[in-house]
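Think of it as A, B, C, D and E in the order they're written, each chain with its own count starting at 1.
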Amino acid sequence: MVELTLFVIFGICALFGALTMVWARNPVYSAMGLMLTMFSMAVFYVSNGAQFVAVVQVIIYAGAVMTLFLFVIMLIGVDKAEDRAEKIFLQRPLALGLLVLFGVGVLLAGRHVWVTGPAQGVDAIDGTIEAIGDQLFRRWVLPFEITALLLIIAATGAIALALFKNDGGDE
Amino acid sequence: MTILSVAPEVVIVVAIVMLLMVDVQWHPGHRWWGVAAAMGLTGATVAVALQWSQYRGDAGASFFSGMIAVDGFGAFAGMVIFPLAGLGLMAAWPLVRSQGGRGAEFVVLTLIAASGAHLMAASANLVMLFIALEVFSLSLYVLAGFTRERADADEAALKYFLLGAVASAIFLYGIALVFAATGTTSISGVGAYLTGNVLLLPQGVLMAGTAMLMVGLAFKVSAAPFHMWAPDVYQGAPGGITGFLASGAKVAGFAALARVLTVALGDRITDWAPAVAVLAATSIVVGTLLALAQTDLKRMLAYSSVAHAGFILTALVAGSSGIPDMWFYVATYSVQVLAAFAVAAVVSGPTEGRAPLSDYAGLSTRSPWLAAVLGLLMLAMGGIPLTAGFVGKVAVFRSAIDADYLWLVIVGVIASVAGLFFYLRVIVLMYMQPAGEGAGRIGVPAGARVVLAVAATVTVIVGVVPWPLLEWLRNAIPL
Amino acid sequence: MSFPILSVIIGLPVAGALVVLTLRRTELVLPVAVASALVTFGATVWLLVEFEVGEAGFQFVEQATWYKPWGVGWHLGVDGISLLLVVLTGLLFPIALAASTSVTHRPREYAAAMLLLEAGILGVFLSLDLLVFFVFWEVMLVPMYFIIGIWGGERRVHAAVKFFLYTALGSALMFAGILALGFLGGGDAGPTFDFVKLLDANLSHTAQLWLFGAFGLSFAIKVPLFPFHTWLPDAHVEAPTAGSVILAGILLKLGAYGLIRFCLSLFPEASVQLVPLLAVLAVIGIIYGAIVAIVQTDVKRLVAYSSVSHLGFVVLGIFALTTQGLQGGVLQMVNHGLTTGALFLLVGMIYERRHTREIGQFGGLATVMPRYAGIFLFVAFASIGLPGLNGFIGEFFVLVGSFLSLPAYAIVAAFGVVLAAVYLLWAYQRMFTGPITVEENRGLRDLGVRETLILAPLIVLILFLGIYPKPALDRIQPSVDQILQRIEQTTTYVVPDLGTTGFEVPGP
Amino acid sequence: MTVTPGWYMALAALLFVIGLGGILLRRNALVMFMSVELMLNAVNLTFIAAGRQLATIEGQVAVLFVMVVAAAEVVVGLAIIVAVFRRRKTASVDELSELRG
Amino acid sequence: MTAALVSLAILLPLGGSVILLFVGKRLPEPLAGILGTLTVAGGFACAAVAAADFFTGTGQAVTVRWFTWMPAFGVNAELGWDRLSALMTLVVTGVGALIHLYSIGYMKGDARFGQFFTYLNLFITSMLILVLADNFAMMFVGWELVGLCSYLLISFWFEKETAAAAGKKAFVVNRVGDVGFIIALMLVFSHFGTFRFETVFENAPGVLTTGAATAIGLMLLVGAAGKSAQLPLYVWLPDAMEGPTPVSALIHAATMVTAGVYMVARTGAIFQIAPVAAGTVAVVGAATALFAATVAVAQTDIKRVLAYSTISQLGYMFMGVGAAAYVAGVFHLMTHAFFKALLFLGAGSVIHGMGGEQDMTKMGGLRRKMPATFATVAIAWLAISGIPPLAGFWSKDEILGTVFNRGGAWTVLWGVGVVTALLTAFYMTRMMWLTFFGAPRWDEGVHPHESPAVMTVPLMALAGLSVVGGLVNTPFRTSLEHFLDPAFEAVRLSAAPTGTTALTLAMVSVAAALVGIGLAAARYRDRVPDETGFAWRLIGRGYYVDDVYGQVFARTGKLAAAWLAFRFDARGIDGAVEGVGALTRKTGGWLRPIQTGFVRSAAAAVVVGAVALLAWFLSRGGL
C-alpha cells in the first residue's frame, strides 16, 4: 500500500518532471524538471531495494551531473529561450506519431508480462553497499576497471575540446 | 590465462600512461607519442595474436566471470583493429602535428578507441559491451571534433555525439529489456536461456529488446535508416582521422552485432534474419543512390560505407555460418576505407573536412601513386575482381545464397553496378580529366605512404589469393 | 601434370605488362609490348599445333582446387570452340599493339593495359571454373575502360563509363547466377563452380530458365544482341584504334562464346525453350544493325553497327542448334574478328592521316591511296561475305545450318546479306570513288610498309579461311557436336535430320 | 493492489518515450542532452525493477555502470556543446546543418 | 589428264590474275594485256583439249576433286566436267580470249591497264568456277565472284561517280537475287543433305514433293533473275554500261549474265518436278524479252540499246529453258555470246573511234570511216535480227518453235516471242541506221577512225562465229543436241517441232524480222525523227521503273534507315539506356533533400528504424 502510494505520487512527479523538461522553453526549467524526475527515480530505487543506487542517484546524478548541466546552461546563457516555431518540415507530426508508436510498441510488448526471465534467487534482494561492492569487485571487476578508460576519455576529451588556450580560440 | 585475456587493454593502458606522463614531464613532442603509440599498438597486436594462437577455433573461453570472451572472433577483431589504429594514426600524423600539444590527447584517444573497439568485439556480457561501446564512441566523438579551426568539425562532433547518445540509450534499453526477459546480461547466457528453455510466457519484451539492440548496433555500423549521421560526420571530421572513424566503427560495430545476433539470439535467427536482410537491402540501395549524387569525396565515401554496411549485413543473414565471410569483408573493407580517407587527407589536407571531388581532377598527373592507389581502392570498393573487394562480395553473397536470400543478392549486385558509377567517377576525374590551373604536384607524407602501400598490398594480395585468409577465418571463428 | 601451357599463356601478357611498366625508355615500350604479345601468340600457335584434332573434350587441362568450401579452383582447358578464339586473341594483340604508334600519351600504361586486357581475355576463354571465369570476365573491363577513357576520342569518358557500367550491369546478374548455380549444382557436396562438374548438375527447368536469363543477359549485352547494343557504337567511336580492334575483334566474341559454352551446355532445356527468343533477337540484330549502319556518317560507327549485324549471325547460328549452325557461329566469330579487326585498323590508319572519320570528309581516296583502297575493299568484301573470303564460310554455315531448324529466321537473315553489301559498298563508294572533293585528301600518302605488314597477316588469313576452312572446322566440329549431343540427351530436342524426311514447303 | 516491477517498467517506458520526444522536438542541444539523460534514467529504472523481480543484484550493478558512463558522457557532451557555443554563440542544433545532402 | 587440264583451265587465268595483281603496275602496257590474253587463251586450249573426247563421243563426265571444303555440308572443292560445262567453258574462254585481245587495244593508255586485266582474268576464273562447279555451293562461289568482278569492272573508272554508283547498284541488285539463290541452297540442303548436283538430281524425283521443288525452282529463278537481269531485277544492267566496253561485251553480254540461264539448265531436274516454277521462268523470260525490247527501241545511247537488247535476248533464253528447251536455251546462249559480244565490241570500236561519244544521234554515216567495224557489226545485226542462216536465227527459232510446240498457254508466249523478234529487228536496224548510215552528225572536233587491228581482229573472229555458230544445231543437223544429251540425261527435254510446223514457224519469225527491219529502215533511212514525245520519253526511261525503284527502295529506304538510326536507335533504345542511368543518378539527387543535415531529422530516422524493427519483432511473437 505504501509502495502504491509512493508509486503513484512519485510516478506523477517523474512524468511531470519529464514533461516539464521537454516542454519548458527555458533550459533552466528543463533542468529542474529533470532533477525532479531523478529524485523520483531515487524513491523508486529505494522501493525496489536498491538503496545504494538510490544514494548514488541523488548524490552523483541529481547532484553533480545536474549541477554541471546548470553550470553550462548558465555559461551559454539562460536567456536563450527557444521559440516554438518548427523549421523542419513535418518534424512535429512525425515525431509525435513515432513516439506514440514506439511507446505503444514497448507497452504492448510488456502487456502480458514484463519480466519473463527465471528468478536467480529466492530472497528479496538487498542493494546494500556490501552486496554491491561484493559484486562489483568480484564478478564485475573487469567492467569496473574499464570504466577507468571512460574517465581518461572524459578528462582528455574535455581538455581537448573545451580548453581554449590563448591561441586556441578564434573569436 | 586470465591476464592474456586483457593483455591488449593492459598494454594499451600502459602505453597511454607512459605517453601522458612522459609528455607532461618532458614535453618530448610528437616523436615520443608515435613511439608510445607504436609500442602500445604493437604490443596489443602481439597480445591478440597470442590470444589467436591459443584460443581460436573451439578453444575459445571466457574470463572475468564471463565478462570477456577470448576466442578466434575477438582475437581476429583485435588483429584487425590494432593495426588499423596504427594505420589510422599514421594517416593522421600530419593532423596530430598540426594540433601542437593537443596532439598527445589525440593519440591517447585513438588508442583508447582502439581498445574500446576490441573490447566491443570481445565482450561476453551485454553490460560490458555497453561500456566498451561507450569507451569507443566517446573517444570518437572527441576525435571527430578535434580540430577547432573549423566549424564543420564542431558540427560533426555534436551531431555524432547527440545521435550516438540516443542510439546508445536505445541500445541500453534493449539490454535492459533482454535482461528482463532472460534474467541475464551474459551474451552466451541469453543464448543458453533461449535454447535451453521451453518459453511459455509471451516473448514481447525479448522481442522489443532484440529490436533495440539491433537499432543501437545498426547505428554504429551506419546501416540505413540509422546512417544519417555518417555522411555529416565523415565530411565534417578532420581528414586525417575520418578513416579510422569509419573503419573502426565498422569493425567494432559488426563484431558486436555478429556476436549478439549469433550467440545471444542465434536461436531466433528466423526472427532477425529477415530484418537484417531488409536493413541490408535498404542500406545498399540508399547508400548507393545517395552516393551517386555527391560532389564531395568524403561524403561519397560515407554513403558508400553505408552501402558497404549493407553488403556486410548480407553475410549475417546466414547466421553464424556467414561470420567468416562477414569478417573477410569487414577486414578488407576497413583497410580500404581507411586508405581512401587517407588519400583525401593528403589531397584535401589533414585538418580539412571537406574534400570536393573537383580537387581530384587530374590527380594522376599530380601524384601518380596517390591516384593509382585511390583508383585501386575505388575498383576494390566497386567489387572488381582481383581485388579484395570482389572476394568480399563473393563471400557475402555466397552466404546469402546459402541462406536462400537470393533476392538480397540480386539487389546487391545491381546496386554494386550503380555504385560503380561513382567509383568510376573518381577514376575518371583522376585519369581522364586535366588538373585545375596551378595545381602542382602533391607530396605524400611518409605515414600516408605506408598506409597506402599496406592497403594496396592487402587489397591486391587478398584479392588474388584470398584462400589462406578465408580458410583461416573459417577454421577460427565459429562461435 | 604436364607443362601448364595454358597458365603460361595467360601469364605471359601479365609478365609483359609488368616489364613494360618498368621500362625507362619510352621508345622501347611499344617494341617490348609487341614482342611480349608475339611470344604469347607463339604460345597460342603452339597450342594450335599440338591440339589433338578430332577430340571433343578439353585438352591441356590444368586443374587445382583452391578453396574447397567454395568449390573454386584453377581449372583451365581448351577445346575446339575456344581454341580458335584463343589463337585469334593471340594474333590480334600484337597487331593492335603494332598499330598503336600514334599513342604518345602515357605509352607505358597504354601498353600495359593492352597486355592486361589480353591476359583477361585469354583467361575468359580458357577458364573452366565459373568463378575464375567471372573474375577474368570482370577484370577485363578495367583495362578496356582505361583504354577507351584515357586514350579515346572526344567523348571518351562518357563512352568508357557507359561501356563499363552497361557490361557490368549484365555481368552483375550473371554473378548472382553463378553463385546460385554453384549451390544448385553442387548439391549436398557443397557448392562447386567447376564447369565440368556442373555439367552433371541436375537443374530443374525453372532454375535453368532463371539462370539462362542471368547468364544470357550478360552475354547478350556483350555480344551485343539487339536491343542491348547501344554501348557498342559509342565505345567504338571513342576508343583508340587498337581498342576498337580488340573490342570488335575479340571482346564481342566473349558474349557469343559464353552463350555456347555456358548457356547451351549448362542450361540445355532452357536453351531449347528460348531458341525462338534468341533467334528473333539475332535476326532483328542482323537486319536492324545493317539498316542502321547504312546511314551512319562516321565510319567507325558504321563498322560498329555492322558488328551488331554480324554478331546476329553468330547468335543465330548458335541457337540454330545444328552442327552446321554452331560451327558457322564459332567460325564466324573468328571471321568477324579478322575482318572487323582489319576494318578498324584501316579506319585507324586513315584517322591518323586525316583526324576525322566522317565519311563526308573523304571521297575519291582510291585515286591517291590505291593500295589502301584495295585492301579496304578486300576486307569489306570479306565482311560482306563474298565467297573465297572467310566471311562467306561463316555466313553460309550459319544460314544453311539455321535453315534446318529455323527456316523462317534463316530466310529473313539472308536479307542481311544484301544489306551488308549496301552499307559497305555505299560507304566505299562515298569514301573512295568519285572525284576528290576535299583538298586535304589530295596529299594523303598511301599505306607504308609497316602498315601493310600489320594488315598482311589478317589478309592472308581472310583468304586462307575463305578458301580452305577445313583445318578450322575440323577442330570446331567435335566439340560442337558434343554440345549438341548433350542437348539431345538431356532434352526432347532432336537435331533436324537431313535429307530423309525434309519438310513440307507449301506448294501452289 | 500490489505494485509489481512491471509497473515500474511501464513507467520507465513512458519516461523513455518522453526522453525520445525531447530529442525529436527540442533543438537546444542542452535540452536534447538532458533528454538523453532522462532516457538513461528510464533504462536504469527498468534494470532495477527487473532485477528485483529476477531476485538478482546484477540489475543494480548495471545501473551503477550506466551512471559512470553517463557521467563520462556528460563531460564529453558538455565539452562539445561548450566548444560549439564558443564558436557559434548558439546552442540550437538546427543551426548546425551546413553538412547535408 | 582431263582433270589436270580442267584444273589448268581455271588456274591459268587465276595465275594470270595473281601475277598481274602484284606486278601488273610494273609491267609495260601491252605486256600485261598479252599475259592476260595468253592465260585465257591457254585456258581455252586446255579446255578444248579436254573437251576433245566429248566431241569424239568417247568422253565421260569427270569429277575433279581439289580438296575438302566444307566438311559439315559434305562439300568439296570439286569441278564437274561434263558436256554442258565443257561447252560453257569453251564459250567463256573463247569469247573471253577474244575480248582480252580486243581490250589490249581498247584500254590502251589507261592508267590502270594492268589492273584491268587483273580483274578480267579474275572474272574468267570466277566464271569458270561457276560453270564447272559440280555442286550448288561451288556454283554459288562462282556466282558471287563473277558478281564481284562485275562490280570491280563496272566501276573500273571509279573517278566517275556514275560508274562507282553503277557498280554498287549491280552488286546490290545481284545480291537481292542471291538471297533467292541462298534460300534455294538452304532448301536443297535441308532436303538432300548434300549440295552435289549428281546426288541431288538423281534423287530429286524421290525426295522432292512438287511443292518443295517449286519452292526451290522459284528461289533459283530469283537468283537467276538477278544475275541475268530479268524482270524485276534487270535495272542494274543498263547502268552497268558505265564500265569499259569490253567489260560490257564479256560480262554483260556474253558470259556472266547468261549464268542464270546456265543455272536453270543445270538444275533442269528440279524444274522438271516443278512445272509451275518452270512456267514462271518462261513467263518471266517472255515478259522481260518484250519489255526490254520495247525499251531498247527508244534508247539513244548505243550501249544502252545493246544493254536492253541483251536483257531481251536473255528473256528468250529464259523462255527456252523455262519451256524445258534446255539445248535451245544453251544454244541461244552460245550464239548470243558471239553476236552480242561482237555488237558490243563493235560499239566499243565506234565509241573508240568517236572519241568516247556514245550518243547515236551524234553519229551517222560511220560506215565509210569504219568499214571493218561496220561490216562485222552488220553481220551481228542480221544475226540478232534472226535472218537465216546467221547464228541468231537458228537458236531463236528453236526456242520459239519449242515453246510453240508445247501448245496451250505456251502459244501466247510464242506470240510474245515473235513480237519481240519484230521489235528486236526494229531497234537493231534503228541502231545500225543511226550509227552507220545517213549523214554524219558528229560533234565538232570528232574525227572518227577505224580501230587498230588488235581490236578488229576479234571483231572478225566473232563475226565468223556469228555466221557459222548457228550451224551446230539446225533442224537438219542437231549436233549440239547430241553433244549435250548426256548432260541432260535426267531431264525430259521438250521437243522442237518438225516438218511443216517448223517451216511455218521459221517463216513467221523471219517475216517478223523482215518487217521490223523494214519499218526501221523506212523510218530512219534518211533522217533522225523527233523522238521526244511523252511515249518516247516513257519507254526511253524504261517506263520509269528504275526511278520508281530509286524512290521506293533507295530514297524511302534511306529515310527509314535514318529514322531507325537517328530516332529509334539514338533516342529510343539508347535513350532508354541512358535514361536508366540518368534516372538512377536523379533518384540519388531526389533523395538528397531527405538528408537534411538536421540532427533531429537524423534522430527521427533512427526512431523510424527503431519503430519499424520493433514492429517487425513484435509481429514475430509476444503479442
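Rule of thumb we're sticking to: a residue touches a chain if its C-beta (ideal position, glycine included) is under 8 Å from a C-beta of that chain, and two chains touch if they have at least 3 such contacts.
Because the structure is a prediction, the values reported are computed rather than measured.
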{"item": "Chains contacting each of chain C and chain E, listed by label", "value": "B"}
{"item": "Relative to chain C, chain with the most remote C-alpha centre", "value": "A"}
{"item": "Innermost chain, where centres are averages of C-alpha coordinates", "value": "C"}
{"item": "Between the pairs A-D and B-D, the one where more C-beta pairs touch", "value": "A-D"}
{"item": "Longest centre-to-centre distance from chain E, chain (CA-based)", "value": "A"}
{"item": "Gap in Å, rounded to a whole number, between the CA centres of chain E and chain B", "value": "78"}
{"item": "Inter-centroid spacing, chain E versus chain D (mean Cα positions, whole Å)", "value": "96"}
{"item": "Cα-centroid distance, chain A relative to chain C, in whole angstrom", "value": "70"}
{"item": "Distance between the centres, which are taken as Cα means, of chain D and chain C, whole angstrom", "value": "65"}
{"item": "Numbers and ranges of chain D residues touching at least 2 other chains", "value": "9, 16, 19-20, 23-25, 27, 32-33, 49-51, 53-54, 56, 58-59, 61, 65, 69, 72, 76, 79-81, 83, 87, 93-94, 96-101"}
{"item": "For chain B, residues contacting two or more additional chains", "value": "127, 131, 134, 138, 141-142, 145, 148, 157-159, 162, 166, 170, 177, 179-180, 183-184, 202-208, 231-232, 293, 421"}
{"item": "Junction residues of chain A - those touching two or more other chains", "value": "88, 91, 95, 98-99, 102, 105-106, 108-115, 117-120, 139-140, 143, 147, 150, 153-154, 157, 160-161, 164, 170"}
{"item": "In contact (per the touch rule at the top): chain pairs", "value": "A-B, A-D, A-E, B-C, B-D, B-E, C-E, D-E"}
{"item": "Contact set on chain D toward chain A in their complex", "value": "1-11, 13-22, 24-28, 30-31, 33-35, 37-38, 41, 44-45, 48-61, 63-65, 67-72, 74-76, 78-83, 85-87, 90-92, 94"}
{"item": "Residue ranges of chain E touching chain C (in the complex, touch as defined)", "value": "67-73, 77, 137, 140-141, 143-145, 148, 151, 155, 158-161, 163-165, 167-168, 171-172, 175-176, 178-179, 182-183, 185-187, 189-194, 207-212, 214-215, 276, 557-558, 560-562, 564-566, 569, 573-574, 577-578, 581"}
{"item": "Chain C - residues contacting chain E, complex", "value": "162, 165-166, 227, 229-231, 234, 288, 291-292, 294-296, 305, 323-324, 327, 364, 366-367, 381, 386-388, 392-393, 396-397, 399-401, 403-404, 407, 410-411, 414-415, 417-418, 421-422, 425-426, 428-429, 432-435, 467-470, 473-474, 477, 496, 498-500, 502-508"}
{"item": "Complex contact set, residues of chain B against chain A", "value": "6, 9, 13, 16, 63-65, 67-68, 100, 102, 105-106, 108-109, 112, 115-116, 119, 125, 127-128, 131-132, 134-135, 138-139, 141-142, 145-146, 148-149, 157, 177, 179-184, 193, 197, 199, 201-208"}
{"item": "Touching residues (chain side chain B, partner chain C) in the complex", "value": "379, 384-386, 390, 394, 397-398, 401-402, 406, 409-410, 412-414, 416-417, 420-421, 424-425, 427-428, 431-433, 466-467, 470-471, 474"}
